[in-house]
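Working notes for the structure below.
Every chain is named by a letter (A, B, C and D) in the order it is written, and numbering of its residues begins at 1.
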Amino acid sequence: MTTTAIQTPPTAFTTLALDNWKLAIAGGLGVSISACLAMPATSSFWVVAVMMALVAVTFVVNAFRRHYYGGLLVSPAIAVLFVMNIFPLLWSLGLSFFSYQSNQQAIRFVGLANYSKLLTDDLKAPELWANLTNTAMFTVLTVSVQMVIGFLLAVLFAKQFPLRRYLLILVLTPMMLSVVAVGVFFSYYYDPTFGVISQIIKAWTGEQFILFSSKAGAVAGIVFADAWMWSPFVMLLVLAGLVSVPTYLYEAAAIDRVGSWRRFWTITFPYIRGLLMLALLFRTIEAFKMADLIILLTKGGNDTMTISYHVIRIANEQNKTSEGAALSYLLLFVVIVLTNLYLYIANRRSQGN
Amino acid sequence: MATSMTIWEKLGFRKASRVGEAGWGHTLWAALVSFIYFLPVLIIVITSFKVQNEALSVPAKFFPTSFFGLIPEQYVFTPTLENFTSVFSRAFTTGGAVENTGFDRYFFNSMFIAGTSVLLALVIGTLAAYGFSRYPLKGNDTYLFIILTTRMLPAIVVIIPIILMFRIVGLSGSYPGIIFLYTAFNLPFTIWMMKSFFDELSLDVEDAARIDGSSELRVFFKVCLPQVVAGLAATFVFGLILTWNEFLFALLLTGSDTRTVPVAMNQAVAGGGIGVLWGLLAAIETLFLIPVFLVTFFLQNHLLRGVTFGTVKR
Amino acid sequence: MSTIEVKKITKKFGEFVAVRDADLSVKAGEVVCLLGPSGCGKTTTLRMIAGLERASEGDIVIAGKRMNELPPEKRDIAMVFQFYALYPALNVGENIAMPLHFEKLSTEERNKRINSVAKILHLTEVLDRMPGQVSEGEKQRIAVARAIVRDPNCFLFDEPLSRLDVELRHSMRGQIKEVLSNLSKATVIVTHDQLEALTMADRIAIMKDGMIEQVGTPHEVFAKPANVFVASFIGTPQMNLVEADLKSFGKGVASIILGGSAVEMAADPAVSKLRPSKVMIGIRPRAFTVQDKASKDTIHAQSELIEPMGAETLVHARTKTGADIRVVVPREKRVKIGEILHLKPDAKQTHFFGEDGMAVRT
Amino acid sequence: MKYKTRLKSFATALSFVSLMTVGGAIKASAEDVVLHMAVPDWPPTRIMKDMFDREYKPASGNKVTLDVDFIPWPDFYTRVNASLTSGEKKYNMAVSDSQWLGAFIEGGYFRKINDLIDADPDLKKAMDGMHPKILNAYSTYPNSTANYYGFPQFPDILVSYARKDIFCNDEEQKNFKAKYNKKLPCTGEEFDDVDWELFGNIGEFFMRKKGDMLAGKPADDDFYGVGFQVGKGYDFSTSSVNSFIWQAGGDIWDETKAPDGHAEGQVNSDVAVKALDHMLSFIKYMPPVAKTGTMDIFKTDELFRAGKIALNVDWVGLGEASLDPKTSQVADKLVFGMAPGTRGADGKLNRTSQIGGQPFVLTTWNTDIINKEAVGFVKWWLSKDVQTEYASKGGQSAIKDVYSDPKYSTYRPWNRTWASSLDYQKDMWHVPQFYDLLTQQQDQYDLAITGKQDAKTTLDNVAKYQENLLKEAGLIK
């Protein structure tokens, strides 16, 4: 694919032209900084916004004049993402270097103190590590359960059979539910007195069954609910892989009398490997953020506190905005490292084959 | 000589007629598994027809009728539609007047906000994905990775800056605000998904169209887009499912007029001086499930094809 | 003993009948081609023999055993698929090895078998490559290698050469025939290419609309087509099939009116049963001799189009009634457009078909 | 040319900005005043809104509308907190849990109302007519000083909910007497006199398995003796633990003694440890969900309404549902008493108890006209007639004139206990760090309640954390 860029001579830095983005950046930056220093926050915000708009306009005009279609196509998305995601992210990154509580007016620059406190404070660091361990445990458990259940469901639905369409939508339903409803109703299913599960077990064994009386039980309950909700997502991806395997390969395998185990590894698996990895990536990212189900089911009781719930507590309930921001960036760092590791492994694997 | 068919085979309980195809026997298995998997949802739906007192009965009541005495009385409840009418209008205090609960509005809000933002993300994201796929920038992968990264942070981190920003711009509690936010929320997934679809398309067709004198716009709309319809549908469904139930942003950034159902749903979790209003909560969830359920059902074929197309052949 | 017997099998897909009452038997060491236009049910028949489809009615007997209900795994057959169906994640050697795992051979034994077929099919060089990295012809040979690496009850080929170019196809035809002749197994080859069928098969079964129209040796189906369809399907250029009025028949000679010309020609005594009636006369384009002047056994036609075919020339001529007749004449014979031709058909290569389309022959 | 284009775009952007600013600055006209109020969505606020719409006639002659944002309880704090701290300035009034006062006053969001009270004799009279314990808990910051901030919206106390049909059963009465040599309470007055010892006896006595005889009939399901809040969420277990500690003579960290009062030594004193142990000893008589740390005020209420508990201690604010046969299976079998207390050497009961309910406050960004109308609304709200009507519809009042009227106790069965209970109400901290203190304490109590940690360790951990935190905040020297 070649870009049909038209060779227009670059605009000189000092020219006042609508496509001179370099000047726009320089000017915009200068104006913004002076505005931030001189004006109150509400007004300077607008000045910064106008300057950013100006820079965006020069970029677009520049791209348009020189036929950089790529830039033109990507720019709306970048703009939306920048305003709604990246800008707030940078804002909270900035906040993480200050001592700031959102319910107090005082703000003070403290550098890396928030980070070092989180990592070394003898009250906070152990809590952080405990929460990280729990998060890792939940992530590993729920993602592997989701992969297994999602995979098995996909295998069940990979064949063509009567009523498949109608049964498949039943299995897809859980991920369409609201987390609130799922959390509340699962707490009902797990309830030792009213809950269906406890009632059945009690009728069976005669023993009172209290799922959330131990950490193992609480973790199992949370993982079960989460995996129940999101296995259909994995299933959908795996199923897509399974149905993409050409039928003739299975036919050839049948003719060649290939055993089912070998058939899976040599024919089916290569087709779903990419999708499994994709499902793994998406679900791991989501599992790392798991908080709402835990809030609804155990409130972090029985040592089920996760890092994400911890952030919510700090940043939202306790209004320690800076500390929350610092913690989130530590979390983001972990996730990015894991993701890169994942991408590295995935790439190496695909190159290996 | 005709092969003799057993009565079972005639009923459809036969062996697969070809490899990869299964008969009613398999359906039976799948039905069993699907039923078990669907059971928690089914209980929610059943609960939506129960009055508060029966919702938590021990033993649990599962059946709306006794099926002519087949089911013991203790497992049978008296179905009522009261919860469904209560979703839209009910008395908030004992003996108080029946008032509109605003849920008609909340349902509209949910559909409007989710629908608009997913479509918007689809438009912007598809353009961007096409750009990333056809006119790779310097450091393309880095951009894509940064875009993905925006989905990794807990939402709570960006919420305070966003609230501040919305306050200054005056978007707080308005439709455009939450719609733009959801658009941004859906963009990373949309871009990643759509890019992989565009990557799959054969460039020959596009080049042929260019040689025939089609403009870049025409190539995009007439050649590329029709080939990724399944992908658009799949992305739409995924985006819709994720946006439909979003809670935190909706809680903090919608006003009383723009509130969505997931937020308003908590009315039934601890409302009216009572804990969970089981029947009401179930009724809200049941009603709330219907639109996204139908959309998914009707786009189901696209969903599978879309996902396959976009990601497998890579 | 390697034989295949197909007894009155029928395949229905819902209301649609893909194969109807097909009968076929293949002896050990015999190669039978299922030939027919696309959609005629030949592949379905083959898949039923393989067990990939279940026959709706009828029996399939392989190696003397009725196998209707058995899945492909239990039938012990080898098959070469139209698109080769090579396992994309395995290299060539592993692909060829796949059928051997069932036999639980030792590694050396397995390698020995693979190497020997690889040698036969000239694949030794590419054993370590992935299927995506080999040529189309090699893919085809790999598919064949995978089939012959074991010792099955029978061989099934589904359009084995359809994806190859003309030259490769020609050389592969020979190779496959040679390989098959050494194996002495019952073999069924599905093809839509009559040349392939004529060269490779011991017998040919010609199918149309789910029915087997004729089974016979290549010579039989060419020289004695059972009906109008077989007659028109086999042979290039296509046989001329012209409607005619049978006036009378006596002493082995039929008088007919063909394309406006009254013609008398020797005919099979069975023709006597027909008269007088409308008949279809089938004459191969090469069975004409061009006479200088009209006589009672020539057809009057005017040449319209001339296609040189190298050694011969194909002439399209039109009779008085407008029927198109293809005539192949030697290269030396110069024919001009618009020239009136007096065509004398060779009675031995002239076929009479009744109104039901069946050949009239004793 | 290009310069002009650029100028033009700049001007367009500027005009857009000014347009937005003007749009945001449109104010309510003098005649039309809208009071924006954030409230939790439940009957006490719904009744208030309903009464306002039907009855309120502003003395000023302005047209006053009360725009109430009913926010579901589970998200109420999150929503209000986000709105206030982001500077959204959306609400003119807000219902606030009493313990939030400090956090939002220090943040500069809640308005001090001393000037308004001083300027308005009617308002002053209304404030003076309030029960001092309520006023202290709902309005003062720093606690117990003469700095006022809030007005009661719905004051709430703990009462005992009991099953008359079971307690008054002759068989059960006889058996209980035989076992403990005590009278099993049956009437409301008898329940008023229940101390924790008797409470424990009741708990033990009414633990029944499915099929055991209960009040002359075989129980259709397992049945449990007692219930009160011991959940991990929000302030549930803290509310219970606080009452036990206070009644035992101990105390939580006392903000009124800052900066000299310490957490170490106070929070984990032997008295406090014993009090916590005492509370924990009742868990075995509760439904099994108590052992999971999720038995909050709603769960114990739900279990009681489903007829699984003999005696439950819960907020008055949740009472309506248990009286309504639609939501309660025990609606016609109820008797209410004061929450249990600890019997002192003199035989009298110490009932010091965690106060519930919420005040509402004014915000700092209100204009004068808004403030004026808000005060008008408050005066109307705190007037005797309105409070009486409110109480008759299921609300509660902290105004002496209202609750001392003999008719008051006829409005709801638990109102009989109201006036005498008010004297014992006490509140937890109001300091800005309350949420920090609370979450850590709830975590620790949860460990004790679910049996993973003993009382001593629990309170030691709490004390250490609080000492550290409060020192950092400068509240402890």
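Basically, contacts are C-beta pairs under 8 Å (C-beta built on N, C-alpha and C of every residue); 3 or more make two chains touch, one makes a residue touch a chain.
These numbers were taken from a predicted model, which means no experiment stands behind them.
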Graph distance between chain A and chain B, where chains that touch are linked:
1
Give the identifier of the chain nearest to the protein's overall CA centre, each chain being represented by its own CA mean.
B
Can you compute the centre-to-centre distance for chain B and chain C, using the mean CA position of each chain? Integer Å is fine.
55
Indicate the whole-number Å distance between the mean C-alpha point of chain B and the mean C-alpha point of chain D.
38
So the centre of each chain is just the mean of its C-alpha atoms; given that, what is the distance between chain A and chain C in Å?
60
Residues of chain A that touch two or more other chains: which are they?
46, 102, 193-194, 251, 254, 316
Chain D, residues touching no fewer than two other chains:
78, 82, 85-86, 221, 306
Touching two or more other chains - residue numbers and ranges from chain C
52, 71-72
Listed in rising order, the residues of chain D that touch chain A in the complex are 2-3, 5-6, 9-10, 13-14, 17, 77-78, 81-82, 84-86, 103-104, 106-109, 221-222, 231-233, 287-289, 291-294, 303, 306, 308, 432, 435-436, 439, 443, 446, 450, 465, 468
Within the complex, which stretch of chain A touches chain B?
1, 3, 41-42, 45-46, 49, 68-74, 76-78, 80-81, 83-89, 91-92, 95, 102, 153, 156-157, 159-165, 167-182, 184-186, 188-189, 193-194, 196, 199, 228, 236-237, 239-241, 243-244, 247, 250-251, 254, 271, 274-275, 278, 285, 288-289, 291-292, 308, 311-312, 315-316, 321, 324-325, 328-329, 331-332, 335-336, 339
Interfacial residue positions of chain A with respect to chain C in the complex
246, 248-249, 251-259, 262, 266-267, 269-270, 353
Chain A-facing residues of chain C, complex
50-52, 71-73, 76-79, 81, 83, 85, 87-90, 94, 98-99, 101-102, 146
Touch list for chain D against partner chain B, complex:
20, 23-24, 41-44, 46-47, 50, 69-70, 72-75, 78-79, 82, 85-90, 220-221, 298-299, 301-302, 306, 317-321, 323-324, 326-329, 393-394
